[in-house]
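Both of the next two complexes hold subunit A, though its partner changes from subunit B to subunit C.
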Partner chain A sequence: MRRSIDVIYLGVATATAIVIAIAAAIVLALSIESSGVLAREGLGFVLSPRWSPSEERYGFYGVALPLVGTLAVGVQATAIAIALSVAAVVYLHEYAPRRVREAIGIAMFAMAALPTVVFGMWGLSAVAPLVREAGLGSLCARGSPTGQSVFTAALVVGLMLTPYASSVVSAAYDAVPFTYVEALHSLGAMGFERARVLLGMVKRSIAAAALLSFGRAVGETTIVALTIGSAFNLPLCPFEPAHTVSSLIASQYGNAFLYPGLTSALSAAALLLLAASAATTALGARIARAAVARGGEA
Partner chain B sequence: MREPAVRTRELSVWYGQSQALHSVSITVPRGTVYAVLGPSGCGKSTLLRAINKLVLLREGARVEGLVEVLGVDVYRDHSAEEALSRVGMVFQTPNPFPHLSIYDNVAIGPRLRGMAKGRELDKLVRWALEKAALWDEVKDRLKSPASSLSGGQQQRLCIARALATMPELLLMDEPTANLDPVNAAKIEELIKELSREVTIILVTHDAEQAKRLASTGVLLFMGRVVSEGPISSILSRSYSSIIQSLVASARRQ
Partner chain C sequence: MRGRSVKRRLVDYAVHLTTAASALAILGAASHILLSALVEGLPVLLRGASFLLNPPGPPGGEVGGVGPSLAGTLVTVAIATIASAALGIPAGVMLSEARGSLLARVAERAVELIAESPSIVVGLVVFTLLVVPMRTPSALAAAVSLSVVALPYVAAQVRESLAAIPLVYREAAFSLGLQKWKTVFLLLIPMNARGVATAILLGSMRALGETAPVLFTAGAAFQVFYGIDKPSSTLSLLIFFFAGTPYENWRRLAWGAVLLLVLLSMLLASLTRRLAGRVRM
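Then we have the complex of A and B:
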């Protein structure tokens, strides 16, 4: 018995060590690969808006515009996901009959399991034409004629993230001790009034859901590459096409070997993305764990 | 003669297949402290929650029989909500809303019911905190979170929260059960004070506490009424007579 436990422990420890080693190897490989462009461009890599791989000797590589695009998509997608998930949680907990609650729960589960490429295809074939037909592009100076824009990407990513965010908010809402629900009821709070107070109690979990969603949104590649329109714009208006760091990597990595320094630049961009995504996800997970430790009194 | 504060007739409550109350009939006179006595699991809290309909928050809960609160059948009349707005409740474990300030905890009821705002609300909050004997201890830190108070203070804050809605009937579910003797004594003093203005139904498993505070009450056992009446007569009954009553009550059903 003791021996079999030792074998299981050894197996799990080895598997964990392999995963950590792979992650470390990825970071190391990206760091080595990106050192060339980082040494050449310095802070200009982050601050410069100029991205021009096809220079005669060595390209100019500045990711300021894709970084702003990443931030814009991340913020908008998170806002959409949090708004929809909070609305869904309030509806499901306060108003929906049991059967509707169960049906929507299954639909959310199925939605969470969909591959992102399916969301991306839907975004390209259904959401982008809607944005185009609605004439939203004409609201911006460089509005997208195809409907592919920062807003299109953010909307689809936001919808993709909604089941994920709502599961975090819903778990916290469920974890609010029943005595508070009774107290609110005894004070005459029903429906939305009750939800408003309970949402105040789980606001830390909502913040955690927002950070976790943001972490996933900035790293999302397939959906964004298909729906953002891939243009080097400063996305001051949401209906303009732009680039995010991930869409830039996805669209240029295939031909990177053709341009001197491009592989290094894209690796540096990936390293930046990895750091931003890991930082926000770690912070979100920490807040979520703290909220759970408080027994729902977030 | 005024109608009683609460009257139940043949009240039965089920949680799914499990029956928690069996044909309970009680009458709570106005202006008294009425004790609901009995051992753990006898249905005391269920009876309290059947009076203000909190029992329906439990999934699978079912109620049969009559429950009249302040003259209104709360399970059938359209004016049930208005009648229940005149009922406050204090729970066994102090449960102020931890994310709200002391002030906001007291103000939440009047705000939800649109009773007052601005200076009127300030006055009402102060009045409720004074009634709950808490004003002097918190008047300089009304904006502090409620979670910064001690357990006894939190329970008095919950009493202030209930009082701020100006209830005519106050339901108290073992309000001293989780407090130390000093804080429990403070709450008992408070109950005596409040009983001059509000009808109180006090759930307790402490016979001595019932004697100190209540004039009338009911003794429950396994969801059934053993006896109802003056507190001294309820508590003077022998164990064997309680068993006889229960057997007779079970045969009648």
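Then we have the complex of A and C:
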């Protein structure tokens, strides 16, 4: 009797230990791989805009430009996702008739289930041509001739994140005690007035949704690699092509072994990506948990 | 409270209009994606067996099919589903049933870290630890990569569903003299078969849809499925590579693959929803 219990616990504990080992392996493998370039370039790795693996014997590795690209795509995509999902949540809760609510619920469900590569294919063949035809590229100095740009990538990533962000916001909106909603109605508040009060009460959850979305946007590779146009460029204008850290990895890691320092440099870039994504996601999850624990009365 | 002045009514109308426009934009984008996949992909998908079994045609020539990539997808997703369930279910059990113990606390952080890792990062690590020693990308490396990406979803779902079981059932089992870990596997898991099945489905859905983890681990063997330890490819990888090519026939093939992938994902998603009611993905 005793022995069989121990066997069950041993099995569960072994599997759990393997999971812990996987997490440790991710951090360790990246750290060891990237130590070469980090020792060589130091802070210059993050600060230098010069990336040329083929130069001299080791090459120059600075990810400043892709870092700015990642930030630009992340911020714009998060802004789009949060604007769309907050507006949609307000509309669905305060204005929409039931059938419209159901239709949008189905659309959100379908979007949440779509693989990112489908969004990428759609962005490349529907959104990029739209950006090109609209002549948005001509607004910028180095505007994209193909329609692949920071804005294109951010728009598609933002749409991809919308179901996720709105599920977080919607859950918080639903969690506001019903007495408040009743009280608002009894005071004769109109839709936008109810929304203003209720959104004020769930602002922590909106912040959490923004951080969680940003964390996912930072790591998103498939969509961005297909729609950003892959260029070393400081993306101060949203209709120019650029690189993000993830699209840089996607486009160069395949041939990285041909250059002495490139594998290490791309691993260091991946480590940076992991740190950024983990930090924002952890913070977002923490705020979300705290907001839920307060029971919507934030 | 002021009456319903003209100004309030106007503001309300404006807010109504803008929020409705946003909701419409979401609806429009979702329908446009699905309709594009249907319009562009259906003619290719309707080629039937030749699409599902043949390799892609030569650049600029016939459309061909996605046979090798479909085989690669089925093999890698199957392995990833089994592996992520084999590790994720016990890990979820540990997180729920041994809450507070040192092992569970460390495991909690580990699962979070894996969930927070961008999937391209997972691909890179598997490349370093598996593809380099094996000296070749393979379906196996792709499957390992996908398992790691799917793992935290399985573990989190199992933990949530176990945590939702009322304490009285555990108390009843303990009062009958059943030990803790036996209770989990003789009572809680069978009671909660739906939750566990949902977890496994969520894991396989994740594995099916991901592209970044297999980018450097699967290889790019679109013409033949060589076997589990040889270079391979998946549907998502085929779309990623063929989407940007200048060849009309390859882009059409990519759309066919998009529709197939959309149909498979929707099937898994609706199965999940039917099992679980509401699930956050």
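The working rule: the second predicted complex is superposed on the first by the 282 of 298 C-alpha atoms of A that agree within 3 Å, B and C clash if a C-alpha of one lies under 4 Å from a C-alpha of the other, contacts with A are read in each partner's own complex, and residues count from 1 in each chain.
Convention: a contact is a pair of C-beta atoms (placed from the backbone, for glycine too) under 8 Å apart; a residue touches a chain by one contact, two chains touch by 3 or more.
As the structure is a computational prediction, the values presented were derived from the model and not from experiment.
Judged by the touch definition given at the top, the superposed model places A:Ala39 against neither subunit B nor subunit C.
Look at A:Val197: by the touch rule set out above, it reaches subunit B but stays clear of subunit C. After overlaying the two complexes on the shared chain, residue contacts for A:Leu47 are found with neither subunit B nor subunit C. In the superposition on chain A, A:His185 contacts subunit B only, with no contact to subunit C.
When the two structures are aligned on the shared chain, A:Leu84 is found in touch with subunit C, with no touch to subunit B.
Within subunit A, the residues touching subunit B in one complex and subunit C in the other are 187-188, 193.
Partner subunit B is touched in their complex by these residues of subunit A: 177-183, 185-189, 193, 197, 200-201, 203, 297.
Interface residues of subunit C facing subunit A in the complex, by the touch rule stated above, are 1, 4, 8-9, 11-12, 15-16, 18-23, 25-27, 29-34, 36-37, 86-91, 93-94, 103-104, 106-107, 109-122, 124-125, 127-129, 148, 151, 155, 179-182, 184-185, 205, 208-212, 215-216, 236, 239-240, 243-244, 251, 254-255, 258, 261-262, 265-266, 268-269, 273, 280-281. Of all residues in subunit B, those touching subunit A in their complex are 49, 52, 54, 57, 81, 84-85, 87-89, 91, 93, 95, 97-100, 108-109, 112-113, 158, 161-162, 165, 171. Subunit A meets subunit C in the complex at residues 4-5, 8-9, 11-20, 22-27, 29-30, 33, 83-84, 87-88, 90-92, 94-96, 100, 103-104, 107-122, 124-126, 159, 162-164, 167, 187-188, 190-193, 195, 215, 218-222, 225-226, 246, 249-250, 253-254, 266-267, 270, 273-274, 277-278, 281-282, 285.
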